[in-house]
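Read through the structures below before going on.
Each of the next two complexes has chain A plus one more chain, namely chain B in the first and chain C in the second.
Then we have the complex of A and B:
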């Protein structure tokens, strides 16, 4: 069962429709495959769950960014107008918190947005100059109109013949390709 | 109306809820009428509070129904019947205004000639704030809303036995100008009925702020009702967790819109600190009113916002079961917070008529709305756009 082909990154199946990809991913998961990834030109609702991407790390990164930005925004204004340069403006209290709210909000959103972008790059491993999936000639369609499911050779269940047979027999599969490492 | 009885909702608790609503409504109404003879002044205050609460919910539903016709998304079909049931009560609510006509001098300082005679500012506002013009404006608002409600429901009822696009197009052609008309009439109604309780004070954002609260309360109510009945046929064919996730996002949007307007009004008045503006804010920051303000901001915004924003795809449905009643109830408190401090400038005070009158109007209102709901299937199954949505969904789930 467990004979890995060291020459291969994995096997890739091509589909014409998002739902065929979803069906295929569900079938592969049910067959016990874990080391796999799906490629699609558009977001497919429900696919991350099928692929077992349940983690919510991005939520926490963005939340930390949000709180940092908020504290920073309020802190800057508080420091400037209460501690560093107290100034009587129209008889208002030095800590005029209602007028600090817009800037606090803006900075919270700004830092949260940066946290989202940087966190996204940190978690998805981009930029990545080389990836084996691009060795498949048909894969250039992944950003236009075709859908791909790649089962990696590192999976415990991976067997060149069995996996190829499994992929070829998936409903509405357009082609199965070897992925050179 | 009875021709759809065989497909209408055969869901037992609905009948039970309707009966409870009617009983509560009638008992509270009797107490309220009794209250009129004990203390007419407090009767009118309580009645006005109850009235603006429930017509606000019905108007929010009218706005959402017209948004549904204009956008045609599946989320609207999940809510459609609940919105229609609320909109159906608008002609009834128009009649409910009549008792208030007899209490104008009790409620509104600008309607008391002795007070106006001493007050140059109120004299200056007389061309707008006077009793006959107030009555004419109110009649115009109520007629426009009842007319739009009647037309939309008439077409929707005919749609139940026809799948032609004509009826839907008619509703769309009404909804586009209808939403603009709603924005103006509801805004002026808020100014007339609520803002003019404190006639020296003014805020140009007030109408939109009230409207945002109305739509938020309506969306919370309709989403909660639809969530409660989502396993009932035929609603179960359409109501998926995905749609409730979308409705949660919509709720989040209106929640932010409402709190934005509320806060901006506060910020502008607080920064300006002008005597004729700041009194309204100070009144709501003093004594017990501060607690009411904090309940509105924390339970009405902060808690539901955090719960909605933090909930992923799967837990959203469960979160909505807590969040929708919370938003609905706090929006009622919000109306209370806008209206009642005008009556008690010296500190927080509640009169029992402010409980019975909203309960009376709310019980009768809910009973009437449920009457409509029980007569019709929970989805407009003949609607051509709904058929399209089902066809699209079938195509995308059919295994190839």
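Then we have the complex of A and C:
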């Protein structure tokens, strides 16, 4: 990490509009930068794709949660009613599966919901107590009104002067900041 | 077409990302605690203390302090349980179902409606617990390896209910917290005091608005909405099955589960209006919670009232059509029996009163809307009272008929649960953003999307130069 400039996490450019950020991210991608991230106070449509995000992993995680919860839920009821404590009530089948459906469904949803939030945290690396971007004073506005693009020093193309020049010349850029590590 | 053009906006014009954020965060961070908040909190906190006192006395003396008897073994506790869990349903409907249907008016009511769900579920969970008689043995309901080698009866709707309500409570909490994370980050970044920064910072988990994070966040949020949608339907259906699976006339009916879901959404929307009107008035949120929202919610109330009326009609019809003397008697007993005034009041409140919402003048009169929503809350509580008590008090054998009269402890616990609910709401409004800032920024973005257009091609050309 940070082979080029050990003293810097990266360079950050500030924009006032979501579209300007999208344009900038596309320009940076076209210029060959890969180690970068964009920050915005609201989700910007199309921006993750520009940054090369095509993840569908969330869907798989939730699907696995759904199936796990369902199998465990049904398995618990099956084990209790058929294997561990079979009760013959009027000759009715021990595996009376229709009455096991509600609990199977509830547990499937429960495990899937936990998978959805915990999977999101895990993929996003949250909770994260420290991150260099917060060292930029203006970054406070990332949760209020401003949009930021950060090119990391770990990128192969990163060169302090060139990258700074590149960011400063992006359309409608409001400022370029050094990000302390 | 004319009416379309007169539709009020979902957000008054002129807001920017910053101003909409500041307006909402100021309620938590900048504004001094209003006097009205202190008075309201004191009153509701007194209600909570009354609840604690009544429940403590209940634990000492047992459920005999209530008016319950045989045949009416399910008294206020079950009435209140069904009422509270039903109220919660509107919150999930707004936050999940209307999200999937892309109804953008849900945005500004979504957050506090979700909070309402959470607190209503908390109140609801209390009642089956204290109704147990020996609440310290509540864990008997949970399947766990025990020395007796016993399992809960998984074929019983009462056990389904335990799983449904606990799942509902937890999923509502997760959904609410997920929605709060970007807003907690906003509060962290805007608060001045070190203590607040640390508390909100810890809760925000280091959220920094990264595009990659937003991407997964939205996927996760939509998936949770998709999970919560069938869940919310299942929860009140299972509550309905608690009744429908028994053989008591008035309970044993196939319409019960969908009828309960419609009633739940009806009462829940009434409670959303009850909360929304004072909230927008006292915190000056008229720009965010506009007439459009109130109008739409009044329309929802009207639609749900018609569905609920269909349920009542079907119960009356099947009382006759079944040809069963006990089914016919329960209908007659509702109209003419000892609890008849409550049944008539319920019919007037839940079927006739909401018909006023056909008129735009009524829907757009904030005070009338608020008063009617209060009345509907009472009407829906009466409905559950009719279902539970009137069905039980006269079943098959006249020799086992009885009368249920609530005692002061029944009332203390009902009012106390309202105190608990309102106390939690007051705390929520004081310490967390009552309207979702991140989603409101999204709404601002949609409104102003046309104005700013820096084309992709422009940038590419600049880079080439």
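Methods note: the second predicted complex is superposed on the first by the 173 of 181 C-alpha atoms of A that agree within 3 Å, B and C clash if a C-alpha of one lies under 4 Å from a C-alpha of the other, contacts with A are read in each partner's own complex, and residues count from 1 in each chain.
To be clear about the criterion, contacts are C-beta pairs under 8 Å (C-beta built on N, C-alpha and C of every residue); 3 or more make two chains touch, one makes a residue touch a chain.
Treat the numbers as computed from the prediction; the structure is a model and nothing was measured.
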Partner chain in contact with A:124 - chain B first, chain C second, else both or neither: second
Which of chain B and chain C A:160 touches, first, second, both or neither: neither
Most chain A residues touched (candidates chain B, chain C): C
Which of chain B and chain C A:112 touches, first, second, both or neither: second
First (chain B), second (chain C), both or neither touched by A:172: both
First, second, both or neither for A:31, with chain B first and chain C second: second
Chain B versus chain C as contact partner of A:8, first or second or both or neither: neither
Which superposed partner A:67 touches (first chain B, second chain C, both, neither): neither
Partner chain in contact with A:58 - chain B first, chain C second, else both or neither: second
Partner chain in contact with A:82 - chain B first, chain C second, else both or neither: neither
Interface residues of chain A shared between complexes with chain B and chain C: 17, 19-20, 23, 59, 99, 102, 171-172
Footprint of chain A on chain B - complex, ascending: 242, 263, 266-267, 270-271, 273, 310, 312-313, 396-400
Complex contacts: residues of chain C adjacent to chain A: 16-18, 21-22, 143, 149-151, 154-155, 157, 159-160, 163-164, 166-167, 170-171, 174-175, 177-178, 182, 185-186, 188-190, 202, 205-220, 223-224, 227-228, 230-231, 234, 238, 241, 438, 441-442, 445, 452-456, 458-460, 462-463
Residues of chain A that touch chain B when the two form their complex: 17, 19-20, 23, 45, 49, 56, 59, 90-92, 98-99, 101-102, 171-172
Interfacial residue positions of chain A with respect to chain C in the complex: 17-20, 22-27, 30-31, 37-44, 47-48, 51, 53, 55, 58-59, 62, 66, 76-77, 80-81, 84-85, 96, 99-100, 102-103, 105-107, 109-110, 112-114, 116-117, 119-121, 123-124, 126-131, 133-134, 139-145, 169-172
